[in-house]
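So the structure is just underneath, and the comments pick up after that.
Letters A, B, C and D mark the chains as written, and numbering starts fresh at 1 in each.
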Amino acid sequence: MKTEIEQRVEKSYAKQNAMKNIGAVITEIGSGTVTIELPFRTDLTQQNGFIHAGIVTMIVDTACGYAAYSLMPSTAAVLTVEYKVNFISPALGDKLIARGRVLKPGRTLMACLGEVHAVTDGKEKLVATMLATMIARDQVG
Amino acid sequence: MKTEIEQRVEKSYAKQNAMKNIGAVITEIGSGTVTIELPFRTDLTQQNGFIHAGIVTMIVDTACGYAAYSLMPSTAAVLTVEYKVNFISPALGDKLIARGRVLKPGRTLMACLGEVHAVTDGKEKLVATMLATMIARDQVG
Amino acid sequence: MKTEIEQRVEKSYAKQNAMKNIGAVITEIGSGTVTIELPFRTDLTQQNGFIHAGIVTMIVDTACGYAAYSLMPSTAAVLTVEYKVNFISPALGDKLIARGRVLKPGRTLMACLGEVHAVTDGKEKLVATMLATMIARDQVG
Amino acid sequence: MKTEIEQRVEKSYAKQNAMKNIGAVITEIGSGTVTIELPFRTDLTQQNGFIHAGIVTMIVDTACGYAAYSLMPSTAAVLTVEYKVNFISPALGDKLIARGRVLKPGRTLMACLGEVHAVTDGKEKLVATMLATMIARDQVG
């Protein structure tokens, strides 16, 4: 049976057209941690054939955002205040795995650390690291 | 007639499947500045119906990247080292306009500043600000 | 006569031992903008004889922080949530000038842009650019 | 006996007037990791009596910089390209400990992750997290 956190995250995620569009799926929802996977697709690439930096950012932003969301009161919504991403190796492989986790839960703001790895033949390689700030907002409606 | 810079940027941009995929187009290429526009589409949204932060990032990253590329030798390729984005208001409107410009050209590294505005009925509103580092790499092949 | 904003900023600044310690002074306080100057001193340098990146950061963080503070209610305190700094040329010259300004005032959070220039014989050169998030907190006591 | 890395780092560190000025000391030099400690001092504080964000940044920047330097060829110099810092809790305690480590060594660029903890009665609390880019430059002279 699904936890309350899993239900909340999945309900919100289902409304994310952009994530559906690129074929990303949530594969793990913990308390302060979320994992998202993205199978490689050639329609998501930049000029060198790597997954576009913006797409890499999108999956790890979403992983960090829901990691923060998982620690917020059930009436809150989550928004990204800002993030920073370092790109460490090309986003090439069978799939990308983005893992987000909350560094320290706060009442309003949550600092999160995220990592994206490329998986090729079962081996992981670090692609990008994110340091982000998420905010809890009162849900509208 | 197109300048050498315009030709180089357009040739590289044509290989960016991800940018084509979301419907973004380059509307201005200068010396150290590039503008990209993205008409609003509901398949690019997050859970609140705004354009996803990752998509906002993608267009301003690309604008900053080509702004840097426009100042590089014609044999170089451009890669994103890292960026930081602050999200200032919801990405909602008829379209988004991302403008990137080089703060100071360097031989290898270029610091760039980017802005995304949402345009509604011809009026612009600041959506996001990016501070990025681009690198010139020797072209492979 | 001093404005209410100038009085508030100067009162808070007077409590900043670290800023006094390095010899930095506020030279301009506007509505959403603050300027701080730091005369060059050899006891603030790193291994190459440039002003240390941390000191460059300190003056532009403070300029951005008070720029945000100048737009907050008089009962609020300001704290730095996070910042990002790109270092563009060596911090060398007669003095450094740090200018901070609010990109868009928010009720709680304020995104700020800051710049540091080195001044040599009256000529300015860009040293660093900051993109920061400030938060308004209820004053304690 | 000191390793070649320890000797190089210590020789460079000895030239850092700013670090001497604030009383920071290197306490560990590994291969891709460096630790710096800063005893609390009231002349390093901001308006609330916490160690100034710029000083917190200074020690973790230096820890990250030397972590990168430890993996560079002995003829190289290290410079900070950019960094981002999230401030998570007040810099208050008996001392601060800054730990920097290289995420992935590169020929020219190194992405580094840094953390600052405040130590009070032997207990550590996370104060700040840094994500930084360092560059190897040919030594001048």
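Here is the rule we go by: a residue touches a chain if its C-beta (ideal position, glycine included) is under 8 Å from a C-beta of that chain, and two chains touch if they have at least 3 such contacts.
This structure is a prediction, so every number in the text was calculated from the model and none was measured.
More contacting C-beta pairs link the chains of C-D than the other of the two pairs A-D and C-D. Seen from the C-alpha centroid of chain D, the farthest chain centroid is that of B.
Centroids built from CA atoms put chain D at 29 Å from chain A. Separation between the centroids of chain A and chain C, computed from CA atoms only, is 33 Å.
Between the CA-based centres of chain C and chain D the separation comes to 22 Å, rounded to the whole angstrom.
Along chain C, residues 81-82, 84, 86, 111, 131, 133 each make contact with two or more other chains. Those residues of chain A that touch chain D in the shared complex are 84, 86, 88-89, 103-104, 111, 113, 126, 129-131, 133. By the touch criterion stated above, chain A contacts chain C in their complex at residues 81-82, 84, 108-109, 111, 131, 133, 135. Listing the residues of chain C that touch chain D in their complex gives 12-13, 15-21, 42-48, 51-55, 57-59, 61-62, 77, 79-87.
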